[in-house]
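Below are two complexes that have chain A in common, paired first with chain B and then with chain C.
And now, the complex of A and B:
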């Protein structure tokens, strides 16, 4: 990739990352008592924006979203991606798993959630992630559900 | 800007600047995956033990040739993120003279977030890739003398 194309890639990544996901995070952060439905709606848009996926993407499983993001990035179908990313020994993760972990860390940071890796690691879907966020925020405020 | 008019170190700086501007490993990871899309595959029939880089837990293969006073390099890996990092090495070294390569000291891993994010095994393996190319370049110089 030429230098000029890489500069455009950097600009695109920065724009995609800073604008939409942070805007969605801000909406969630501005409503500390928001309902689960509200959180889920905006969190879903946050996730799709982070992965640079279309806003009408209906997948709920985060690994599947990460995989779709990779397919689009690398312009490969699922089978070709599986063949390309055979990874690695057990102490390394496939790219879709890494993308999922990075997303979960980003959610934790951008929504100012307390660290709870044991619970966070159990999250598999955007719906479960929204439930996690709501519970984590209740832990902040000490309110019951 | 013609990349090949830049020295290896100057061209390497453009990658370092890109990665450091992105700051966040989420974006840096995406950047590396995207630039990896340009790296040609080494087909399975050419992935042999003699061109496999030792010290890399993910399979990494390197092909080198010395043609018309230039070193030709290509590389491939079973892991997507390693392909991304390899694509930088290939972009820096492919088509360079042996003298340029022998005098080059890589910084794009040690001076970016890549070093913190990859395991020691992978760091050592990726260092082996550049060392192997440098040894090949040194051999080309000796044969010319």
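And now, the complex of A and C:
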């Protein structure tokens, strides 16, 4: 693929990775009393779209999904990794960790969830993320820290 | 209670100090873009990294470390740091021996103040760029204890060394003098002052008069022991002696060669069992008694045992026990057994010079049957009759051994015999303190072989090769004759220990 076409493809994919997750978030937000299964289904599509992964990807671990996403992104844009590494040089965060935290932050923002970094940072899988979203929408019983 | 040095753990606590931004802005110290610059992002990231850091620390620790609950704190970019942050950092400090801190730019001041308040040794995580030299310079200039390592593997050895320091500080030794409680007739190369040992290393000493000890090696007679008439004492009982019979039978059955009668083996085992009982009573984890001083009372002749088996069997159980009231060697064995998990062996240690194409044997060696060694350079020779079946590991199966008698005429004094030729090529570590506690000898050698397996008396020796015999010799001249050894290479850890203790390390 020549460079001009590659750039157009990257731009298309990046645009989709912004638009599609927002659409899934909107679906979740429109059902404030949605069941766990409903939330989990749409949240999974949110995550996969955000990471530019196919909708039938079965992996549940978020770091593993982030790694997969990085592999795909690097094939398209060699500079993508450098940008992620530059985000937190003093904190020694790996690219996949940064990608995961960006995802968690985006979920919190797009689903209008109250801030609870102590609980949110414990999430490791998409399933756990869905459980977190459901609990957050019901109101937390634990302390914020 | 006997608290073995090799069971002592260093309590290590990971500490993560994060920084979070309260507002969105860019500037010379902001590197991300988009959501990474938004308030709320840092708090999630800090906790992720704290969890990963705790996992890294867990995977990087050596054995005998107890990892304590990690501490997490974070400060805002307003730089307002409440006292509750330090209260959190100081939680559990009494239990903590060593901190590993992960912090970074904008948080170094917190690490510094924490170090000033807690007054415990710490290290910055080796992979924290910039922070390692910042904190090390800041703390060292203030006389605070801080350690630097280039890698986690390097830090592991430092932690092992600090654990050994804790072992020394937790050690209580039972000494059984006859006349002089400071030095025996055969080991004036001991410490200048035991008070200095306590002061510098934390080691404590408990004493039992040798005659009272010997009296307690038989069931209590009516009226009490001769040395303590009318007193109840901790004599070994008839039942405890009877319980030694199967141990004696097993040793006799398992030995490759047996040249001692069971009755004499029982007397040696009784002596050992009595000492172990008293170690428990006195809450001590190491022992020594004098040889010539005790020998000349004639009581060992009357009781028909020599102390050798006491030392052999206690070392096999991870309880350091040294000959000749050599307290210096005993302390070295405390350290060697704690670092290796192997039984230590000590003996008279002499250079075997090779000059003009011939080995120059010292007086004591000329009667020995020397093995046929092709390369005769850089050899060292050590011998005492306190061999062990656990040189390869206190928790491992016994190595093959023999049983011999010490006394030539009466054939009492059961001793263990070991064939060091089976361990040719095995690396070993030797260690000893200088009498003034200013130096620590740390030697490395390789087993060449041994000999006199079949000889009675204070015999059966080990020969090992060192890198530079002259340097080894010159260093030995500063510490003394007995250089206890363990199998394995622990020279790095012991060198760091010496530095931690403020000693000059004679690493040879």
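Here, the second predicted complex is superposed on the first by the 110 of 145 C-alpha atoms of A that agree within 3 Å, B and C clash if a C-alpha of one lies under 4 Å from a C-alpha of the other, contacts with A are read in each partner's own complex, and residues count from 1 in each chain.
Convention: a residue touches a chain if its C-beta (ideal position, glycine included) is under 8 Å from a C-beta of that chain, and two chains touch if they have at least 3 such contacts.
Just so it is clear, the structure is predicted and the values come from calculations on it, not from any experiment.
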item	value
Chain touching more of chain A, residue-wise (chain B, chain C)	B
Contacts of A:120 with chain B and chain C, given as first, second, both or neither	second
Which superposed partner A:98 touches (first chain B, second chain C, both, neither)	both
Partner chain(s) touched by A:108 [first = chain B, second = chain C, both, neither]	second
Chain B versus chain C as contact partner of A:137, first or second or both or neither	neither
First (chain B), second (chain C), both or neither touched by A:4	first
Touched partner set for A:13, first chain B, second chain C, both or neither	first
Chain B versus chain C as contact partner of A:44, first or second or both or neither	neither
Chain B versus chain C as contact partner of A:74, first or second or both or neither	first
Shared contact residues on chain A - chain B and chain C	86-89, 91-92, 98, 102, 105-106
Complex contacts: residues of chain C adjacent to chain A	31-36, 38, 40-41, 43-49, 51-52, 104-105, 127-130
In the complex with chain B, residue positions of chain A that touch it	1-4, 6-7, 9-10, 13-14, 17, 50, 52, 70, 73-75, 84-89, 91-92, 94-95, 98-99, 102-103, 105-106
Chain B to chain A touching residues, read off their complex	1, 3, 11, 14-15, 18, 21-22, 24-27, 29-31, 33-38, 41, 57-58, 78-81, 83, 91, 119, 121-122
Residue ranges of chain A in contact with chain C within the complex	83, 86-93, 97-98, 100-102, 104-106, 108-109, 115, 117-118, 120-122
